[in-house]
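Which chain is which? They are A, B, C and D, in the order written, and residues in each are numbered from 1.
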Amino acid sequence: MANLTIPRMIMSGLSRLSLRRGAERLFVVAGLAIILAFVFMAILAPVIAPYDPNKTGVGRLYESPNPRFPMGTDRLGRDILSRVIWGSRIVLIVTLSSMALSSICGVILGLISGYVGGKLDTVLSLFMDSLYAFPGLILAIALAVMLGQGIMPVIVSLTVVYVPIYFRMIRGEVLSVKESLFVEAARAVGANGRTLIFKYIFPNVIPSIPIVLSLNAADAVLTLAALSFLGLGLPAHIPDWGFDLRMGYGALTAKIWWPGTFPGLMIVLLTLGFSLFGEGLAEILNPKLSRR
Amino acid sequence: MTSLRVYIIRRILLSIPMMLILLSVVFVVLRVAGDPVSAILGGHAPLEEIERIRRQLGLDKPLYIQYIDYLSSLIRLDLGRSMIWGQRPVLTEILEHFPATLELSISAFTFSVLLGVFTGVLSARRHNRLTDRIIRLYGIITYSIFIPWFGLILQLIFGVYLGWLPISGRSDPGMAPQTITGLYVLDSILTMNLPSLIDSIRHLILPTITLGIYLSGIYTRLTRTHMIEVLQSDFIRAARARGLSERTVIYKHALKNAFIPILTMMGLQFALLLAGAVLTETTFSWPGMGYFLYERISYRDFTTIQGTIVFIAALIVLISLIVDIIYVYIDPRIRY
Amino acid sequence: MSQLLKIEGLSVHYYTEDGIVRAVDKVDFLMNRGETIGLVGESGSGKSTFGLAILRLVPPPGRIVGGKIIFDGTELTSLDEREMQKIRGRRISMVFQDPTTSLDPLMKVGDHLVETIMAHENVTREEAKERALKMLEQVGIRPERFGDYPHQFSGGMRQRVGIALALALNPDLVIADEPTSSLDVIVQFQILDLMKRLKELYDMGMILVTHDISIVPGIADRIALMYAGQLIELADVNSFFDEPLHPYGKALLESVPNIQFSDQKLKYILGNPPDLINPPRGCRFSPRCPYATERCRREEPPMINVGSDRLVKCFRY
Amino acid sequence: MGSAMPIIRVVNLKKYFPVQQSFLERLLSRRIDYIRAVDGVSFEIEKGEVFSIAGESGCGKTTTGRLVARLIDPTEGRIYFGEREITSLKGEDLRRLRRHIQIIFQNPYASLNPRMKIGDNVGHPLEIHGLAYGEERRRLVMEMLERVGLQPASKFYNAYPHELSGGQRQRVAVARAMILKPDFIVADEPISMIDVSLRARILELMIQLKEELNLTYLFITHDLAVAKYISDRIAIMYLGKIVEMGSKEAIFSDPKHPYTEALLSAIPIPNPRVKRKRVELKGEVPSPINPPPGCIFHTRCPLAMDICQREEPELVEIEDGHLVSCHLIK
């Protein structure tokens, strides 16, 4: 989008954030509520989880949901509710830290590449575009296989998968802002490189980051779940929705539905929270489409 | 139309550097960033075992020689041999599993595009009304679907409880058609084998819905966005001002123009389709490339994993080539 | 001369998030068969909306909220969509401002014409193509360019295509919405000349919507001046340019550089164009008008008949 | 005019833009096409005058303006500011030059930083050049805002660009250009995107400020009527070259180049009683990638001769200060 008006749209978008746009505001609020609910669940896990998530035999094997075990028990007689609650911790830790890492790397590289241009930009863009061309999950699988099991390897894999997205976005924005008239105007009054980046380019690029951050977080929750579903990544002692879902398939044909359904539902809900938040934000900050 | 031919030839030639770049990225990720040996052996292993594998994979050579070896064997279409069991050529194994993936992909892709474009057009025409809001929510929800969970729910409802549809595999035992193309539905038709046609379609339904709905949200959103944009453009207003019927305006002028960015996205989303296929196949024990990859991951079969990724890279290059060529035929502006 | 178009109390509002924009506010308008009217106003004066409203093509969130459009004896606002489609393109057609965006980029130029002709008349493709070729020739486009796509044409050529499309079915009225604003001066001259020629050849009425008052004398018989959604002066071209009556028209004319004069002193209009969500009370121009009185700020002046066929919305007359 | 030293002197200025290709395309093709936006332009601007460059879109007038303002580097040629050559100034030298040469852009909606208040947009140049900070800066900015008619200045000082109308924004742009007290200003179609009723106001403002601040303008416009109104001298550009140049009286009452004549005859006059001789041109402006050989105008010229296809006419002075590039003029 070679568009000079983006910053302007975002400005006017921000100013109306608080007022109108019913549906979008509802999206943002609902999304935020879901995300916060999971954050509290993760923080308060030791307090609210009724049982030790790893303790086997707290109930019988495959107890269906009942007052003692609202989500039932799994194949080892562990409490599914407690596992689900504890599972939110690892998901949030991994997604949030990989999002932080990838956005920092991507934004910095994108800024440099877009601003400096030339050979550096060509090489970096080619590399990032090729990474981007790969299906995120396949890339994550390859990396997770290479890096082995553990929390750090998973965070690194996800970071590598999402860096190109931030890179491409920021670089694109920088290029369009760099070409924009007000930056040329700033050069015309004698602004130097540093002033241009920090007073003209950066403030106009920043507003689009939260949208992408939120949408990528949604995607990262899914990718992480997929990795553990495929048996890659996290060590066995950490309660984890993706892996529990995989195990839930074991007794499916015996109509034992609860061990897979509840952890999977958590994955979908958290993803939904992030995407509602991001989508609503995007619509509000980009009124071009919805205004008329 | 010579310029058209020149364009296509140039575009085909462009695939070569593209492929080379992608292969180099694979090399960097698998050999430079990670250590295949520890990936295979999982860290603790006797020294002589490590040495053996290093020699077997050629990892004892300097990196640039490894790179040249890697590229030259790929040029010979040699993806190496599997590290387990019969040490069969990786390419042979991939090609055995590829038709299953292709069949699922085609069916899910078609389903998702039809569903997505239909809902997207509907949403754009009812812009900002209730239908539009509901369809937009649908778009967001599909984005959040976790395939294995959605598959699980579908299996529970339609397989376990209602018992209408099979929940795994491509066919019931003994029902597979004689292999011609490897696409069961097509093979059943070619061999005029009605029972196996019905059987293969029944097996295809749940995986198709699972993957198709997941992918459809993207096309819904995309179609909606671009239709809204196109519907506001001058030439649509001009078409209306000429007294054309609403149908002609929407389907002949607007959708065709909105389709160009959708096509671009289809090329890019092919990657997403593949990733989705890996999960769908694993969920439904569908014996395609994704399921195969999943099985080999657990055996840490390095050459197979590398081979599959190289194969996927080739597919990506091929698809982007096809999309660009279709492009030329749809959009006259590119030819000149 | 017989009456072609009669508009009574037409109002078009846009229902935006910021409030209701009264883009066209109770406009009365009358034109005869074969006549050319230059409809002049600044951006935001409602002139383009007025043009679109006649074809009932005001884009949402805009709506015609009141008034009648009587075209050749038919009341258009009460027609159903299908009947309206028969009028668009065939009886009333439109030339758009930006020829680069008003043609479908994926469709051959000639097919635009064929499609339009076939939408309205029961002819075969071959017959339609023959007529299309003839039409292209009329506007100065060689037949071998029939199969070219819009992007292969220059802006001026595309606008010729736009004109051919508007005239293809020999309509009674053409609404030309800033047809030359995006063109360079030489091409503008050629296009205006072409439109004038064809208009006479086909004997149609034309409403030329423009912000550029300078092009009006060369093509129009009468001028209609719009300000803030209202029609404020209606006069034949000679008498208007001899002596504009409405203070806005007078000021506008004095603010445009004119190459006739060697020592012109431009006058300018104070203040800003009005906000159509909260238009000024009384006369809409009163906050910027040098002659404004208390009454102007309080009461809205009616359209006053001064002399033959000349109307002005101002208390001074 | 004819005073001793021109403030701006441009000699044989050229700017060729390569036609964009992606990295991968460049691997396959070695031919690079160039758009000859400006192709050998020379002129001088005297101190205190308004010199206009007029022409149709794509003639290279805006590129010429950006070259003179040193926003882009020329492919060839020289630019002098006073006695000093500024063609290849870089870094700190170029930054210091910006105090003296300023530019006003066509699009007031895009030329202001949307995330800076008006006061900062206008005052930032002062900080950049270390001229004024804090209270002093505020005072200078307020004074300038008043001067360009943005009153009350305190209200505009804290507003953001998107809260202003097009006309107001263009006045902000004028204020920003003037705040450094430059000697020379390039005004690139400063009124073409503004509401009709506000254009005269901006023109008058520019004329008034020119007198008060002792400025020199290079005024770029597609509108010859505006050029006639504001300029002392005018150059007519076609396909990257100047085809005619002279005082506005010479250009308007005694045009020599067939293109100038065609251009003048196409200008609409807001008076139905004036009937004029029309000069018709055939065809369309050729592509600046492959301009025609010989005289660039011969493909459309109603008076073209054999020589016009072969030989490029020189820009010659036919009378004091009136230059024409045409074989018909000897």
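The definition used in the following text is that contacts are C-beta pairs under 8 Å (C-beta built on N, C-alpha and C of every residue); 3 or more make two chains touch, one makes a residue touch a chain.
Being a predicted model, the structure only gives us computed values, none of them experimental.
S.K.: Across all chain pairs, which one has the most C-beta contacts?
M.R.: A-B
S.K.: Of all the other chains, whose mean CA position lies farthest from subunit D?
M.R.: Ranked by distance of C-alpha centres from subunit D, the top chain is B.
S.K.: Counting only Cα atoms for the centres, state how far subunit C is from subunit D in Å.
M.R.: The answer is 32 Å.
S.K.: How many angstrom between the C-alpha centroids of subunit C and subunit B?
M.R.: Whole-Å distance between the two chain centres: 52.
S.K.: Could you give the separation in Å between the centres of subunit A and subunit D, each centre being the mean of its C-alpha atoms?
M.R.: Centres of subunit A and subunit D (C-alpha means) sit 49 Å apart.
S.K.: Residues of subunit A that touch two or more other chains: which are they?
M.R.: Where subunit A meets two or more other chains at a single residue, that happens at 126, 292.
S.K.: Hunt down the residues of subunit B that sit against at least two other chains at once, touch-wise.
M.R.: 232
S.K.: Which subunit C residues reach two or more other chains?
M.R.: Residues 59-60 of subunit C touch two or more partner chains.
S.K.: How about subunit D: which of its residues touch subunit C in the complex?
M.R.: It is residues 56-57, 165, 167-168, 195-201, 203-204, 222-226, 228-229, 249, 252, 262-274, 278, 280-281, 284-285 of subunit D that touch subunit C.
S.K.: Which residues of subunit B touch subunit C in their complex?
M.R.: 127, 232-235, 237-246, 248, 253, 256-257, 260, 330-333, 336
S.K.: For the complex, which residues does subunit C have touching subunit B?
M.R.: Touching subunit B: residues 52, 55, 57, 59-60, 81, 85-90, 93-94, 96-98, 101-107, 115-116, 119-120, 149, 151-152, 162, 165 of subunit C.
S.K.: List the residues on subunit B that touch subunit A in their complex, please.
M.R.: Those in contact with subunit A are residues 21-22, 24-26, 29-30, 33-36, 38-39, 42-43, 128, 133, 136, 140-141, 143-150, 152-153, 155-156, 160-161, 167, 225, 228-229, 232, 271-272, 274-275, 278-279, 282, 293-294, 297-298, 300, 302, 305, 309, 312-313, 316, 320.
S.K.: Which of the residues in subunit C come into contact with subunit D in the complex?
M.R.: 42-44, 154, 156-157, 184-186, 188-190, 211-218, 237-238, 241-242, 251-253, 255-260, 262, 264, 266-269, 272-273
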